[in-house]
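Right after this note come the structures.
Paired with chain B in one complex and with chain C in the other, chain A is shared by the two complexes that follow.
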Partner chain A sequence: MSKKITLRFLLIFTFSLFFNKYNAQTETDLGNIHGNFQIDAANYQRDTIIKADPGSEVFRYNAFGNINYTKGGFSAGARFESYNPPLIGYLPGYRGSGVPYRFARYKHKDIDITVGNFYEQFGSGIALRAYENRGLLYDNALDGMRVIFTPRNGVTLKGLVGKQRTYFSLSPGVVRGIDGEINFMELFDSLLGKSKTKLILGGSFVSKYQQDQDPTIVLPENVGTSAGRLAIIRGGFNFNAEYAYKINDPSYQNKFSYKPGQAIIASTSYGTKGFSIMFAGKMLDNMSFRSDRNATNTIDMINYQPDLSKFHTYSLMAYYPYGTQANGEVGGSCEIQYKVKKGTWLGGKYGMDITVNGSAFYALDTMGINASTDSIKHLKYSTNYGNVGNEFYHDINIEITKKLSKKLKFTMMYANQFLNQSVVQFNTLDKEEHPDVSSHIGVLDITYKYKSNSAIRFETQGFFGSYNYRDSKLDANGVKNSTNNTGSWISELIEWTPSTHWSITIADQYNYNNPIVAKRVHYYFGMLGYVNGPTRISISYGRQRQGIFCAGGVCRFVPASSGLSLSISSSF
Partner chain B sequence: MKKIFSISIAIVLMFSAFTKSDGNKIPSATVKKLDGSTTNSNTFSNNGKPMIISFWATWCKPCKKELDAINEEYADLQKETGVKLIAISIDDARSSGKVVTDVKVKGWKYEVYIDENQDFKRAMNVNNVPHTFLVDGTGQIVWSHNSYAEGDEEKLFENVRKLAKGEKLTH
Partner chain C sequence: MKKIISKITSLLFLIGVNVSCDYVTNVNPPVEPTTGPVSNVIYRKVLVEDYTGHKCGNCPAAAVVLSGLETTFSGKIVPLAIHAGFFATTNVAYPTSFTTTAGNAYDVLFGNSAAGNPNGLVNRVGYGTGSFIKAYSIWSSEVAILAAQPAKFQIKIKNTFNTATNLLNTDITVKSLASNLGTYKLVVLLSQDGIIAEQLNYTLPVGSQNVLNYEFNHVLRGAINSEWGDLVFPAAASINDSVVKSFTGFSVNSTYDAAKCHVIAFVYDADAASSTFYEVLQVEEEKVK
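Up next, the complex of A and B:
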């Protein structure tokens, strides 16, 4: 990306603002210009106690700005992005600046055409999901074209072709896909429009093309995935299921196995005022699907293998998180929500919310195929679908939220978790370095609203872990320690919002019984935040512990860091 | 590059000081109703009365706090101003199944849609949730607010009342 282009982009950006103003004042129909931006910058420092080392590049930032123009059914837009270099914990491949996203789209009656970049999802995403999450710097937008055709109410047809974004360039593979969905109640409006039961059927076919340049093995150049889905909805009852099948797709991820992939995902739920129950289950076998067979991390993923574990927001609840195992897993989750009525003994004056959630995931029961059985050895393994393998993860938790008075409310939460971290997070069987973790985690979160727009929130968390090395020996001092045994933690947080514009947060996480005494340190953190309308600015200072972030079925390790951060975001 | 970066910061700060998200009509994007049917966001209307559009997710605590807080006053506010709240969930396949159960359990009387592909979120330039917009009777977006702190709903109610009376809004 040359400076010239960057400058030109900024000029357009500036011009657009004045145009926007002009437009708003004159109220002529010249269309609208709107957009948003976010800048996260940090000045890191070396911190020998928590082993944070930013190297020589102490100033880093992630920044982006979108500008969109809309007039009637026409819209066009572009995003400028810059990471020189990206913040600690993000993929270093994003270093650079440019305009990796630009599009033009026209919608008129039953047709919707996009050229340039776009995001798309077929069904639950198990066949195709081009998706962005700017906070995680996950972006696999397609660059090509897409047509969405709605010939009549209740029928949607989609077709697309393009290459996926790979950092600031494109993947070597081409992705092509079609999808159709029929909503029977909408289609036969006169007959079934009043019907209480809704039925939706859908199907998709996605294929990728990548040249075989390997001189030693024959690789399939065209790989197709087919998927079919069904949804039944009636009142508070919901049922959703999708099945997908992928032909042989040897890749770096699956260790060049030629075994076809399969996936099934299903969920069912019932909800009524004050009560709900939900079950979800899935089985994934070799369903990693990337437009570059050599890609790793979150790069060039065509599909999405959803994680069904609970999305925790309290930091110690998510200290050892789960991420979908792309090569194969089986598991499920269940959640029950109950609202205790007002005026009962338990409910009190305002009622009480109880949520119980559980999930568990296991390896597939697989058997390696050895070289003697020549004709099928390229499959590498076979799967026994009637059984499950080792446990990867479980999480059983209960959350209670209660308002005691107009001023005081609290949330209490307890969880029991298990994580097979060697396999799930580090893709190894080395239990010496990455022991299994079992934990009890507790949270108490109290909000005291002392004025109509002023409040103080206290949060206490405890993580009590035990680490299982399986057949490990003790070291010379009679203890077991490794970098991934961090013992137990406590965490305290105070958040003060004196007005609707300002907030001040002070927090400390203390690794009080790390087996290595020198690592029993405090991770202090302070933040000042300001919000005005769509604009948010925050300045923070402190230590961030090392951790694992999981997104799109991939977990990545984020090293410890220490320093001063600034974050600005707004939209217009 | 550093220079360009600081220039862009300066520009961004400059106009964040004077821009308001006003004058824009609700953009067009396809969103899903809880019964599985789809609808276009540019058809959102409330017969000339104001509308609140609130982006949320089942995993977002502040979002649910905000929607709960609004819900306590919603019936009264509706009677007084005729306002309608449209809640847009940005949950993806991991959690979109929980949208309907959350809404039912909480007894929210809002019009709820799922923006699974996040097309509407992008069209509305939402960075993070919660993000709340106010739309006037003519379908113009006249006010927006990012994040939620205790008591923020009071400001929203005040602005809804002002909008219903045709007065000027404050941040």
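Up next, the complex of A and C:
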């Protein structure tokens, strides 16, 4: 059976490669081929003002292309990727070309089998989440086999085994996982099907195996994570919670702590016409779970520790972003959305949308262990779950969107943010080198649609930061240390869309009151974009700020860059 | 067909359920009885490169691991600290430059600082693969594997140092221990121990992390021939083929303490078409005086 399918697929695939020009999007007896591709290339230049020096490899690119084939319950596909070398700011380990993703999948009634590469998520992802984010060049796809079995309506069982992608090779560890989920309303349809309340229970177990080759210490070769979850849905009300426990998992990430990991994540929301409210909370303690205990950066992560902070699209709102602290944190977020009705004093003719969002995250209250026996000492620390530690981050923001007329609309946004930069980005308590940053940020975004397919958008942003050098010392000249103080910024942008195909953007970020006068630099940027159906082409020229990206005790300096960029993407 | 699929499913689930969890109660490995040499086989020595920088607060932790490896694998490793990249640049607080032309060349080609300090290379195994650059936590297991492999080459170093002129002559004897048909190059470097200077160290309590008298060891000071070296054998080498490469009149910087300097010599696979391109096949070190 499988041989026949394979042979037939190969014949069809070869045939279709020659003739898909004519029938690519048409479902025929031969099946359907579809795909997409994208290339982002840059020609960098030296820019002494912002200290951008690309070295000798001035041309860099990230490129990929997917080709997928489907016929009935069968599908197969592959993705080619090439980075020679990758764009500045991406992990250099991706240098190279190859086909790191290829799969064949067969679905028939209650069975769904995948061989090769696949992505998967159990529950919230705290036990397992294999996914990709092409913008970040994050890809932890599994290479192995997965079976999804649905023996009855409302019951789903999943089993998988495989190795994770590590650049263009595979992780040294093997991941094995099972997951089961029961939707009681669907399972007992005749009894509970008409119930207004829906109850879903799930559980998963994920284990990794990695050989212990270290002659100096005993490392667990099999490490398991168990998780249980619950979802209750009734009308506009929704509640989700998941708890996970991981056994001893010493790794580079957790400084080889043998302490078991725990996590609890919960969210609840209520929505009705014109109004919604959402609360989410989490506690993560030593839950970094990787298939290679020596992995750094964002490589070989088996699970996903959710980030509940708001994802900002305006650049200065995201000037000091927050990322989940892999070794532990506690925090939560709340968001309220309200639509002011049309015809009211505030709502006017078109209504008005108001979103208020707040989030805050803190360190766990931990204490180092200095016991006499090795087994306890290697736990490294204990956690007091009844308390929290220092603040890592907060973000309180309000966003108002209002349409004033058929042609004019605006968005206003304000945020108050705090970042414990030394701990969150630099893994140290040293406030002298890395001060806490508090900021007020404002955005005004106005769009004027002067014809049905033509518009001009103005965007102005301001970032007003204060840098708290606790324990600050004076230098020989009696001046306080001001390292890593970039002061405040303003940003201006004009985007003109003369037709549905073309757009022109001109922008500038100005570090107008950097304490060092020589660093009061304009980061200008210009872009010409063309869109035609699924095809998008853009050419841009400008400067990119430098920054330091740190994760789990590893810091990567992303240098400033300047140059010409080209981006092309399409699909068929 | 459905039965087969069901069996596969059941099998997968059983595999999943039955995988064990290893609870570790004692992290110390059992002590194995010491045994004498069992043969005259010459094993590989292992070049462990620590890519670091004085402004890299996380880097002293890697230096501690490297120091531990010297004890665990006494006589089996050659440590080398390469200061390169952003965290190795100087400023008022960290004025001492440890960067070298050779170190910068390695860092640019191998991408170590771009991957995030600290990290390292172990015999430069795996060039072109994602596992080429290694976190310090994996160094010991990598060394254990490589140090157990028979060597393809043997290296002997003989140094003569003129204290009055600071000129160094070094004779490197490379002997082929197998039929070596590829292209191999010899690199000769100078390293120095016991340099006292400023280092940021996050393993220390807040307020004392800017260490003024940190001791730097195994610091790469420069290449005696060149960073990418010279051909060892003009053609394929047979077993017991031997060659002596002499480097005379190398001027050791007068500010270096020659008594704490070492000559490091290594032979690597220089065939760009080889699957082990850049891999260090044998390494040796010897005090300058």
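Here, the second predicted complex is superposed on the first by the 520 of 572 C-alpha atoms of A that agree within 3 Å, B and C clash if a C-alpha of one lies under 4 Å from a C-alpha of the other, contacts with A are read in each partner's own complex, and residues count from 1 in each chain.
Going forward, a residue touches a chain if its C-beta (ideal position, glycine included) is under 8 Å from a C-beta of that chain, and two chains touch if they have at least 3 such contacts.
Just so it is clear, the model here is predicted, and its values are computed rather than measured.
Once the two complexes are laid over each other on the shared chain, residue contacts for A:92 go to chain C alone; chain B is not touched. When the two complexes are superposed, the chain touching more residues of chain A, out of chain B and chain C, is B.
Shared-chain residue A:519: touches no atom of chain B or chain C.
In the superposition on chain A, A:66 makes contact with chain B only, not with chain C. Once the two complexes are overlaid on the shared chain, A:102 sits clear of chain B and of chain C alike. Legend: residue contacts after superposition of the two complexes on their common chain; A:440 is shown touching neither chain B nor chain C. In the superposition on chain A, A:293 makes contact with chain C only, while chain B stays out of contact range.
Contact with chain B, but none with chain C, is seen for A:35 once the two complexes are overlaid on the shared chain.
Comparing the two complexes, no residue of chain A contacts chain B in one case and chain C in the other.
On chain B, the positions that touch chain A within their shared complex are 1, 4-5, 7-9, 11-13, 15-16, 18-25, 27-28, 34-38, 58-61, 92-95, 97-98, 100-107, 116-119, 122-128, 131, 143-147, 149-152, 154-155, 171.
If you check the complex, the residues on chain A that touch chain B are 3, 6-7, 10, 13-14, 17, 20-21, 23-24, 27, 32, 34-39, 61, 63, 65-66, 68, 70, 73, 75, 82, 84, 97, 107, 119-121, 124-125, 129, 131-132, 134-135, 154, 156, 183, 185-186, 198, 200, 231, 233, 236, 238, 240, 265, 267, 269-278, 280, 304, 306-308, 311, 313, 335, 337-339, 353, 447, 449, 451-455, 497, 500, 503, 531-536, 568-572. Partner chain C is touched in their complex by these residues of chain A: 1, 55, 91-96, 111, 113, 145, 147, 149, 157, 159-161, 166-169, 172, 176-178, 205, 207, 209, 212-224, 247-248, 251-252, 256, 258, 293-297, 299, 374-375, 378, 426-431, 433, 471, 475, 550, 553-557, 559. Chain C contributes residues 1-2, 5-6, 8-9, 12-13, 15-17, 19-29, 56-58, 61, 68, 72, 85-87, 92, 108, 111, 113-119, 128-138, 140-142, 144-145, 200, 202, 206-207, 209 to its touches with chain A in the complex.
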